[in-house]
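Chain nomenclature is as follows: A, B, C and D, assigned in order of appearance, with residue numbering initiated at 1 for each chain independently.
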C-alpha cells in the first residue's frame, strides 16, 4: 500500500518548489502586491515546463497526469502565493475544454493554453460560494445558430487578463435549475465583453468584474452540448475542488512553518514563546488539522483520478482544507501577535487567501451539510 | 437580580441620551467611527478632535474625574450608562479618548500638583492629545521587559529607545511613556513613567500600515530625547503602578457598551444578508450561527452589568477585566466571521462601488483578529483568570 | 444599578445552601443513587420553609416571589443534586396551575402543593427536547362535559411519585399545531393511569413512563380553557427555562469548584497539575462560560419577573447555561482524568445531569436557531 | 497518492475478509463487542476467550510476530489490512488483545530465550491471558513517578504497591508489571519490568465500577508478592524501554480501523434518527453536524493510511501515534455527542424495553469521554506533537 506521492510526483514537487521559491520570492510577491499584473514571462516558463496542460487527459489533448499529476505544483504555488491563474486556466478551464470531446476548436484552444500562448479563466457562478445553478442569471439568448450573452459575472479571477472566458449562462430562460445552463468559451476580445479591475481582499491575485453586453457566441463556442452544463460541471467540479485543496495545503504548510519558526525565536518572559504550553498546544492543533486535511486530499485525488468524485470524500476534503487553512491563519495571527498585523509581514497575505479559497466552490458549512444529507439518504 | 437602575440613574440616562442625540444629529461624526487610512486621515482626525471638544463643552469629558480637576465625579454606574448610551448612539471615541479614560486618571492618582495643574485642563478640553507609550517590539505581552531607557543627566531625563502600537501616536501632543531607569530583577521594578512632550527634539513618529491598509497605530523612535526632570510621574522606579492604573481603566471601563455595538452589527447584518440568511438549508445554518453570535454579544453585556454592579457596591476593579476582554474578543471574532461568511464572495471586494458597504464588513473581520492580541493576548488574559481569580499556582 | 441578588435573595441563598448541604450531602445522595425514592420528609421540610409555593404570584395563591424569589434555592438544589421535583412541582406545575385564574380547584391544589401535602409533575412534550406542539399525540376525547385521555408520556420526572399530573393533550384531533392542545390536571390515582419506573442516565433523579388508558378527566380538570394550552405554555415556559438555568448554574458552580480544588492538589511531573498552562486555560474557559451564563440568567430573571420572556434573552440564557454545563462537565472529566471515570467519584452525577438539562425545554441548537430567526425577522 | 494497494495486498485482504466472515457468521461474538458489566461478565469473557482461540486457529493471532515465535511475520500493511477488515466485520478484540498486540512484542524484544519459550506459545494460543500493569493512582499521565516497589530478597523479587486501570485485570493469568527498583533522578531510570503470575499469593484484584456501570477495568494490590528472580524482563532499571515498546504498539496499530467503526456508527445513527435528522430546520442543523462527524472519522482513516504507508516504506513508528490518538478521541466524542443530541431524551433511558438499543448510544457517549484520558491524556499527546514532531522547546 502506498499513500504518498509517487516518484514522479516527488520529482515534480522538487522542481515546482525550486521554481516557485526562486521566481516568487518575497521581493517578487511584494512587487506584485504593490502593482498587480499578469506576468507573461513566468507564465511561459511554466508552460515550457509542461505544467499547464498536464491535468487534461491524453484523449482530450493533455498529458493525462490527472489532478495527482499537478497536485505538488499547485501546493507549491499555494505555498509561494503564486499570483497567476494556474487553477483557473491550467485546471478548471482546461478540464472543461477537455470535456468538449472531439471538437477541433476545443483542442486548438487547449493547445494554446498548454503552450502558454493564451490564458483562460472561468466565470461560472454569480455568488461563487454557492455551487448552485439558481444563482446563474447571465442569459444566453438564441439567435439563429448562435447565441447572444447578456449579464455579468461579478468576480472573475484574472478576468481582465484572460484571452478566453469560460462562461456559464442560462440558455433556457424558462428554467431556474440545472437543465437550462450552457457553458461557452468566449474570446475576451469579443465586442460587448468588458472587464473592470476589482480590488479584492486577496492582494496576491487579480480580479475583475466582467460584463457581457449583447455578446455574440457562435454555435462552436458551446462547450459540450447546449443545456448540458450541469453534467460537465459535475465531472469537473470535484477535480477543481481537489486542486484547490492542493493550493490550500501549500498555504497551510507555509504558515505552520512560519509559526513554528517564530515561536522558537520570539522570547517573552525570558523564554521562547514556543515553550509555553498554550502555544505548544495551538501549534499541535494546527499540525493535527493540516495532517488530516492532507490525508483527505490525497484520498480525494485518488477518487477523482479514478473517475469518481461524485461521492462525499471530495467534499469532506475540500471542507477540511477550508477549515484547516482558516484555523491556521486565524491562529497564526494570534501566535505572531502584533507583528502579524503589519502590512509588511507576510501573514496577512495567507490570511486573505484563506478567506478567498474557503468561499470558492463550496463553504464548509454547505459541503458538510451535503455530506450529512448523503449519509442520511444512505448515499455513502 | 437585574439589571435594575435607580430613578436617578434613569434620569441621568435620559439626559445623556438627549445630549448625544442632539450632538450627533448633524451626522458629521460618521467618519470618526471608521479606522483612518492614508486617504481620509486629516478629515478623520478633525472630526475626532471636534468630538473631544463637544464632550468637553457638554460636560462629559471628565465624567469619572474628581470635581476638583474639572470632572463630574460621576458614579461608576453613571459612567457605565454614558458609555452604553454613547455606544447605542454611535458616538465616536474622540482623538483624546486614551487621555481622558486612561492617562488622565493616572495623572490624577500619581501626579504632582504642578503636573495636574499644567496638564489636566488641556487634556480635558481636548486641546492637548495624549498617547500611551507602553509596548515595544520585544515587550508586548511581556511589558515588563521593555528596554527603552531614561537616564538622569543633570536636570533632564535623556530617553533612548523605541515604542510601537501607539494608537494615533502621530496626532499626540503628549505621551505617557514607560522607560527603564534601573536594571532590576524582577524587571518591572526598574520602570518609571514619564510625561513626554511629543514635540521634543529627537522623536521620530512613523505610522504603521496595518494588514487592513489602515493607519491607526504608530511606532516612535527616541534618540537622546531630553525632558525636564520634573516630568517624571510618581516616584522613580514606580512606573509599573502608573501603567497598571492606566491599563486597569483600559481593560474595564473602555469595554462598556461594546456588546451594543455588536448587536447593532448583527442587526445590520441580518438586514444586509437578505435571502442568504432566510432561504433554504443554508439560511437555516446561518440563522443558528446568528443566534450564537447574538448570545456571545449579550454574554459580554451581562458580564459588564455584573461587574459594574459590584464596583458600584464598592468592590475595586480587579482581574475580572480579563474576563470581559476575552469575552469581547471572541464574540467580536464570531460576529465578524459570520458576516464575511454570510455575505459571501462580494464581501471580499475591498472597496469601491462593487463592494458591500465599501468593504467595511471585511475590515471589521480583520480588526477582530487583533482584539485577541492588543492590551494583553488571550493567553495572558486566561493566565490572569486562572491565577488571580481561581487561585491556581503560578508554577 | 444593581445586577446581583437582593438582600432577601442572599438570605435565601444562605438558608438554602445550609439546608441542601446539610440534608443532601454525599451519604444521602449515594443512598438515593443506590435506591431511588421520593423523600417525603425532606419534601415537607422544604414546604415548611415556604419554598414550594414561593414562585406563584399572590393573586394565584402563592408568595409572589417570582422566579427571582426561588432562583438561589434552585441553584443550591442543582449544586447538591437534590433528588426531589422542586422544578416540576414547585415551579412548572405550580405556575401552570396558577394560570388557572380564579378557579377554586386550582387554588386548592396549589395550596396542597405549597404545603407539601401533595406533589405534582408535568407531562408535557413527548419528545421533551423539541418544544413543539407537533410532538404531542396523547389525545383528549370529549365525552359530554368531560374528557377521556389516551396515550402515553414516555419520560416523566417523578411520574410514579406525583399526586397530580399536569398533562398536555391534543383535544382537537383535527389539528397538529398549537390550536388543538389542552392542559389537564389529572390526579395520579385516576383509574387508567399507569406509571412504570424508568432507568435514566440521571441517577440522582427519578423517572417513569406514564400511560393513560381511557383516563376520565372532568371539565374542572382543564387548566385555563380548552384548546388554550399554547397561550399558557407561552407564559410559563420562559419562567420554567430560567428556573432550569438556576439548577444548571448550581451544577456548574460545584464542578468548577471540584476542578479547581483537584488541580491544586493533584501532582503530576512534580507539580500540581493546576500549574500547567493547558489546565489553567481550560479552567479559565470554564470560568468564562459560567460567568457569562450566570449574567444572562440574571438578566433573564428580570425579564420573566417583569412579565416578559417571549423575547430572545431567555432563550439565549437557557442555551448558554446548556453549553456551559456541558462544557464544564466534559472538561471536568478531562481535568480529573481516570478518577472521574469511577462510579464512586461524584463527577459523573453532574455529567449525567447536564445531559438531561440540556435536552429539557430547548436544546442549544434549537434555541439559537430561534434567536437567529427572530433577529432576521427584526424581532429583537 | 492513494491509498493504492498491491495485488498481493488485495489478495491478503480477500482472504482475511472471507475468514472473518465465516468465523463471525454464527453471531455468538456480538456480546464481545459490548463493555461487560456485572450481569454479563462471565458470558462476555467466554466469548472473548473463544475469539482468542479462533484467531489462533486461523493463524491470525500472531500476525505481526516473527515466524520463529509462531507468528506470521506479516508486513505492516497486512497487519493494517487485517485490522481494517476486523473493524469492518465487527470482530471483537479478544480477551488477550493486549497480550498479543503489546506485551508479546515486548517479550519478543526484551525477553530471555527461556521466557520466550515458556510464555509466548500460551500467550499466542490464548491459553494464558495477559494484562498490562502500568498505571497507578498517582502515576497516570506521569507514569515515570510510579511507586510500586520491587526488592530483590534472596532469589525472589518482593513486590509491594498498587496498580489501577488495568483492562480486564481479573481475567488475567499474567501481568507485565512496572515497578521501581531504584530511586533515581529522573525517576524513569529506576524502573524495571516484571512478568508476574497473577495467581501469586498476596495479589488482590478488584474490578472498578465505572461511571457507566461497566467493569472493564481493575485495580490490583500487591502485598509482599514474591516472584522468581528470573521473571525480570530485560535488565534491571530498563523497564521504561519495555513499557515504551508496548505503548508504541498500543498507540499505533491498535488504532487501525477505528474510523470504520465510527463510520458504521454514523450510518446506524442516520437510520435510527429517522425524521429527527431529515425534517425541518432541526434536521438541517443535525445534517451539517453529521457531515462534520463523518469528516472527523475519515480524518482518522486518512492519517492511518498516511503513517502505515510510511512505516511500510521503512520509517519507524514514532510520535505520530499521538496524532492518531487525539484525532480518534475528538472524532469519537463528536460522533457520540451528536448521537445523544440527535436521538433526544429517549437516548437517555439507560436500559430496558423503553431504551433505544438498550442504552448503547448513551454508553458510547460515556466511553468517548474516557478516550481523551486513557493511554496518555490529550494534553500529553499535544505536548508530544509539539515537542517531538514540531521541535518546540521543552522549556
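Note that in this section a contact is a pair of C-beta atoms (placed from the backbone, for glycine too) under 8 Å apart; a residue touches a chain by one contact, two chains touch by 3 or more.
Please read these numbers as outputs of a predicted model, since none were measured by experiment.
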item	value
More contacts between chains, A-D or A-B	A-D
Reference subunit D; chain at largest CA-centroid distance	B
Between subunit A and subunit D, centroid-to-centroid distance (C-alpha), Å	42
Distance between the centres, which are taken as Cα means, of subunit D and subunit B, whole angstrom	53
Multi-partner residues of subunit D (at least 2 other chains)	281, 284-288, 379, 382
Sequence positions of subunit A contacting 2 or more other chains	276-279, 281, 365, 369
In the complex, subunit C residues that touch subunit B	1-6, 9, 68, 71, 260, 263-264, 271-272, 274-275, 277, 279-281, 283-285, 287-288, 291-296, 298-299, 301-302, 305, 312-313, 315-316, 319-320, 365, 367-373, 375-376, 378, 380
In the complex with subunit B, residue positions of subunit D that touch it	281, 284-285, 287-288
Residue ranges of subunit B touching subunit A (in the complex, touch as defined)	135, 138, 140-142, 145, 164-165, 208-211, 213, 281-282, 285-286, 333, 340-341, 344-346, 348-352, 354-355, 362, 365-366, 369-370, 372-374, 377-379, 382
Residue ranges of subunit C in contact with subunit A within the complex	276-278, 281
Residues of subunit A defined as touching subunit B within the complex	127-130, 154-155, 198-202, 209, 267-270, 276, 278-279, 330, 333-334, 337-338, 340-345, 347-348, 351, 355-356, 359-360, 363, 365-366, 369
